[in-house]
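Two complexes, one shared chain (chain A), two partners (chain B, chain C).
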Partner chain A sequence: MELKEKLLSSFMVFEDKVDIDTYVHDIRNEAIKTFEEKGFPTKKEEAWKYTSLNKLLKEDYSVFPKQENAIEYRDVKKYFIYDIDTYKIVFIDGKYSSHLSQTTHDGMDVCLMSAALTKPKYRLVIENYFNKAATKDSLPSLNTAFSSEGAYIHIPKNKLVEKPIQIIHFSTGNESATMLQPRNLIVVEENSHVQIIERHQSLTSNPVLTNSVTEVFAKKRAIVDYYKIQNDNLKASLIDNTFLKQKQESICSVHTFAFGGKLIRNNLNFYQEGQRIDSILKGVTIIGNKQHVDHNTLVHHIEPNCESHQDYKGIFGENSTGVFNGKIVVEKEAQKTNAFQSNNNILISDKATINTKPQLEIFADDVKCSHGCTIGQLDESAMFYMRSRGIPEKEAKALLMYAFSNDVMNSVKIPELKQRITKIIANKLGVNLGFDL
Partner chain B sequence: MSKYTEDDLREELKTKEYEYGFYTDIESDTFPNGLNEDIVRAISKKKEEPEWMTEWRLEAFRVWKNMDEPDWANVNYVKPDFQGISYYSAPNSKPKYDSIDEVDPELLATFEKLGISLDEQKKLAGVAMDVVVDSVSVATTFKKTLGEKGIIFMSISEAIKEHPELVKKHLGTVVPTKDNFYAALNSAVFSDGSFCYIPKGVKCPMELSTYFRINQAGTGQFERTLVIADEGSYVSYLEGCTAPSRDENQLHAAVVELIALDDAEIKYSTVQNWYPGNAEGKGGVYNFVTKRGLCEKNAKISWTQVETGSAVTWKYPSCVLKGDNSVGEFYSIAVTNNYQQADTGTKMIHLGKNTKSTIISKGISAGKSQNSYRGLVQISSRAENARNFSQCDSLLMGNDCGAHTFPYIEAKNKTAKIEHEATTSKIGEDQIFYCNQRGIDTEKAIALIVNGFSKEVLNKLPMEFAVEAQKLLEISLEGSVG
Partner chain C sequence: MLKINNLHASVEDKSILKGINLEVKPGEVHAIMGPNGSGKSTLASVIAGKEEYEVTKGNIEFDGEDIDELAAEERAHKGVFLSFQYPVEIPGVSVTNFIKTAINESRKAKGLDDMPAKEMLKLIRDKADLLEIDRKFLSRSLNEGFSGGEKKRNEIFQMAMLEPKLAILDETDSGLDIDALRIVANGVNKLKNKDNAVVVITHYQRLLDHIVPDFVHVLHNGKIVKSGTKELAHELEKKGYDWIKEEVGA
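Let's look at the complex of A and B:
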């Protein structure tokens, strides 16, 4: 059976199991219809020109994992940022794992989507925010139709969340290929500040396909720092759909560290619904070995006096393929917008491919918008300089590549996270960088 | 004058009517509307073409019938009714003239209004004119001078008769009939155009130039241009266009093929100023053009264009850099005003080793117009050490226009070096202030800035054309270019 049909028929079963009276019932039904109409995106669609899902969709995924597989903390400790105290929301095969998690209701809600969707006390928030930022594209709709579990974070006014929040999705899928559809909702009220680290990790050699949707709402003067670590095994694929709606004077940043997985597609969308907003999109991609990473970003400038900064760096080795499709839209009313985008890539293998399409659509005249995009190699004179001073080729290369991605690393605000990513990069490049940050 | 602001400029732009809107009453020999195999055959017969050419056209027509009109471009327009167009129209006054005196005086007057009177042109040494009025060449000058060098410069219909071996060998090799909807249509029904062949090692002593005009009401213009530069030769080719004011939308679907063999160089410059429609966006020419050049070893093709006219433009002069060390260049200024829409750019396909390409695109949008740059830079896996530099700048005037960039960059080789840059801005208040401060009034300041903005491209135009390009910029953006 084709995956699409399988999903459609599973939806019936799924919807029977969950409460039919809830507010989201209608939304789910609406969403499955949208998905049925649109189907999975194909290469014929402009936004998917360089990324084909065909191979992924051929797997026979089990849509509902049968039982929860127990995981011991010591086995998975390395996937956590464990050297600092954090809140943790951990899922195993889409099911909440209470013994690995550390949630709170003390002055704010860091808990579960399943609770938020069913308990009456969250009803108002759900009605106001759930599915209000996600687009009606086929994959987000598919996720909406099956939305039941994920992280729910609601930070009230004037709250500085002292500990970062880690959201980790493990997949075990011992029996067969698994498809997961986590759904996260994050609402940050006025003047509040939160840091979130998200990670998807497969612990199995079976294929895993994750179609994740995250909606973030940042109110006036809120600050949201979101970090995505994508360092999965070669069987795991991830389609990440993230939507951020920002109100005036808020600052949101999303850092995406894409190192692994078979196929990663990041749909990152910022909507600026107020003045003097700052949006920051940064990414480092280091891949090889037939991997495919596709960054698809949109920054929609709707109101005046806002800024956006995009900086994506990519290093592509072996048979890897990188795609960057960045779009900046500046509406007529959005005067005095400053929008910057830069995409730098290094190809280190003859078989690697990079396709990039930085796109500007501008309807306002008093704006400063620019985009830059480069594809190149490591600087030979810099290599020579280091080698003539006794640094072996491999290390010299690694140093240069690390320096190349440093612009992005610099804006990571959690030192432990920065250190961890440095280690991942060093590991990826197969060297010991010889310094910690 | 010191109070002259951008708003005034915008106002002026809106009210500025098309200066070259006039209509010459020449009795034309026109086919009935519509397109079918019979019409294609009739066109071919009318032009006394050999059998292979007729078959070639029919083949293209059959392909075209099964194709859909593309709609991916960032433009909105009423699609032309392809059955409501007459596919052939030629000025009646035949046969050809030996001297300029024999030419229909009304036609001469038309040229005079355009500022390209043949008399003047004849005296102006260095420019040979192959003047095309409604698809058929009516005058060719300097042919003898060119002939001495072995250069063939004639209308393509003549070339089909006189040099069938060259045409047969090269026609449709760069832009295949199946390439796209408009290329297929053009292949089926093209009425005339220019053909140019530069023999081995010859440097063409003058700028070759043609002027296209759309004249007869309701006739689409389907030009076909083929330029072949043989090994080690050089040619600079100019193409300039103006068209009379007309209510009905007119379709123009030209195909230009350039072939630069080993070590050859072709410089192709275009100034396009077809009727852009009036201030309400009514009328205007649809300009759907396929232009492509093929570079063999060490060859170079350079496209320069100044696009100020047409209601809808859909044009991507491209270079296929097949040979090693070949070079492709694209310099463009696209000005849109009122309701004009332009979706233009280039494709640089790097196949050979050490190939280089440069793209400089300047877009100026005013009024309610939409101006898009759409480009592709493709580095194939065999193209070692390929190098590309692209720069697309947009200047916005007013709040109702839009500027868009859609650059596609695809690299499959690790030695590739690609840089792409794009900026969008308006004329800065501080820039104007700086000029005002130094006693330059606002109008002059805007002129200076727009001029400076487009200078990189204007500089690339041959001398003979630069003047005209300036003139056209003046019409499109009067008050801004001094």
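Let's look at the complex of A and C:
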């Protein structure tokens, strides 16, 4: 049976099993209809021109993985940022793992989507926010139809959340192929500040396909720093759909570190619904080994006096493919918009490919918008300089790659996270430089 | 120490060095002078091991060993150092971390452990003082936003740290004001001893007032056309290069 058919028939079973809240039920039903109509995206669609899901969809995924909780913290510790105190919301094969998690209801909610979707006390929040930012495209709709579990974070007014929140999804591969559809909802009220680290990690050599949706609502003057670590194995693929709605004077940043996985598609969408908003989108991609990473961004400038800053760096090795498609829309009312976008790429192999495409739709006349993209090779003269000082080729390459991604690394505000990412890069490049950059 | 025999080198099939012979012994200072385009910087790069240049004839010996086939880093590990005319900027890597990496990689190549952090720190401080380098400067990104003089001083600082047997200074005087020139030259002179050697590549005489050469060679059209003592440099300063061109019938 084709995956689409399988999902459609599974939906009936799914709706029987889960809660009977009619509000959410209606949204799910609407969503499955949308998915049925649209189906999985194909390369015929402009937004999917360079990324094909065909091969991935041929696997016989289990849509409702069996629960598997046999993970000990010591075995997966390395996937956590463990040297600082954090909240943790951890899932194993799509199910909440209480023994790996550290949640709270103390003055704020750092807990589970399943609770939010079913308990009456969250009803108002769900009605106000659930599926209010996600688009009606086919993959987000598919996620909506099956949405039952994920992270639910609600930070009340005037709260500085001192500990970062880690959201980690593990898959154990106790079935031959697994499809996961986590759903996260994050609401940050006025003047509050929160930092979130998200990671998807497969612990198996069986194929895993994750179709994730995250909705973030940042109210007036809220600050949200969101970090995505994508360093999965070569059998795991991720379609990450993230939507951020920002109110006036809020500042939201999303950093995406894409180092691993078979195929990664990041659909990252910002909507500015107020004045003097700042949206920051940054990414470092380092891949090789037939990997594919596609960053598809949208910044929608709706009101005047707002800013957006996009800075994506990519390093592409052997047989890898990268895509950057950055769309900026400036509405007629959004005068005095400052929108910047830059995408710099280095190809370190003749067999690597990058497709980069800025897309600007500007309807206002008093705006500053700039975009630039570069594709190059590692600087030969810099290589010679370092090697002439006794630094071997591999280490010299690594130093240049660090230097190249430095602008993005520098804006990571959690030092332990920055250190960890530096280590991941060093591991990936097979070097030990003996110091942290 | 360095023995260059009938060296021919080309880049992209363009012949640049056309039969260089040069011998540098421990304790000596050699100056290589010559007009623009004569092949001075190419000679420096070929000795240091830049891959773009192809040695088509002849060879380079270092301490009795043919080093033509060695990678740039391997030559560095043996004690060859090139101070660049245009040092490269590397954002995000501090001067300190860069030199630490360079030193420890050299030690690794020799089968030694990393230099203990304390010892490294002391060495860095001593050498920074020698070149009158502000400590704050050491935590800046390598060469990024450095003035011409700062870049050159940083090159000599790295040389002081690495303590090479053979230092080739490629146009180290360009971009230096008179005070910086004095500091850099003092640094080089203090590092000089009977076991190491310096090759100064320069267009002008002024650096040679501070780093006094034992021998001066004039490079023209890919060949050493005249060799002499430091008086030759004075003569060149006064008369320019044209008379040499005429003398060799170019």
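One rule holds in what follows: the second predicted complex is superposed on the first by the 434 of 437 C-alpha atoms of A that agree within 3 Å, B and C clash if a C-alpha of one lies under 4 Å from a C-alpha of the other, contacts with A are read in each partner's own complex, and residues count from 1 in each chain.
Heads up, the rule we're going with is that a contact is a pair of C-beta atoms (placed from the backbone, for glycine too) under 8 Å apart; a residue touches a chain by one contact, two chains touch by 3 or more.
The structure presented is a predicted model; accordingly, all values stated were derived computationally and were not measured.
In the superposition on chain A, contact of A:N289 is made with neither chain B nor chain C. Of the two partner chains, chain B is the only one that A:T374 touches; chain C does not reach it. Contacts of A:Y385 after superposition: chain C is touched, whereas chain B is not reached.
With both structures placed on the common chain, the touch criterion links A:L399 to chain C but leaves chain B unconnected.
By the touch criterion stated above, A:E361 is placed in contact with chain B alone, chain C being left untouched. Shared-chain residue A:S205: touches no atom of chain B or chain C. Of the two partner chains placed by the overlay, neither chain B nor chain C lies in contact with A:N128. Chain B contributes residues 72, 379, 381, 394, 396-426 to its touches with chain A in the complex. For chain A in complex with chain B, the residues that touch the partner chain are 46, 332, 335, 345, 347-377. Residue ranges on chain C touching chain A, taken from their complex, read 45, 48-52, 71-73, 75-77, 80-82, 84, 86-88, 90-93, 97-98, 100-106, 109, 114, 141, 158, 162. Interface of chain A with chain C (complex): residues 379-382, 384-393, 395-396, 399-400, 402-403, 405-407, 409-410, 433-435, 437.
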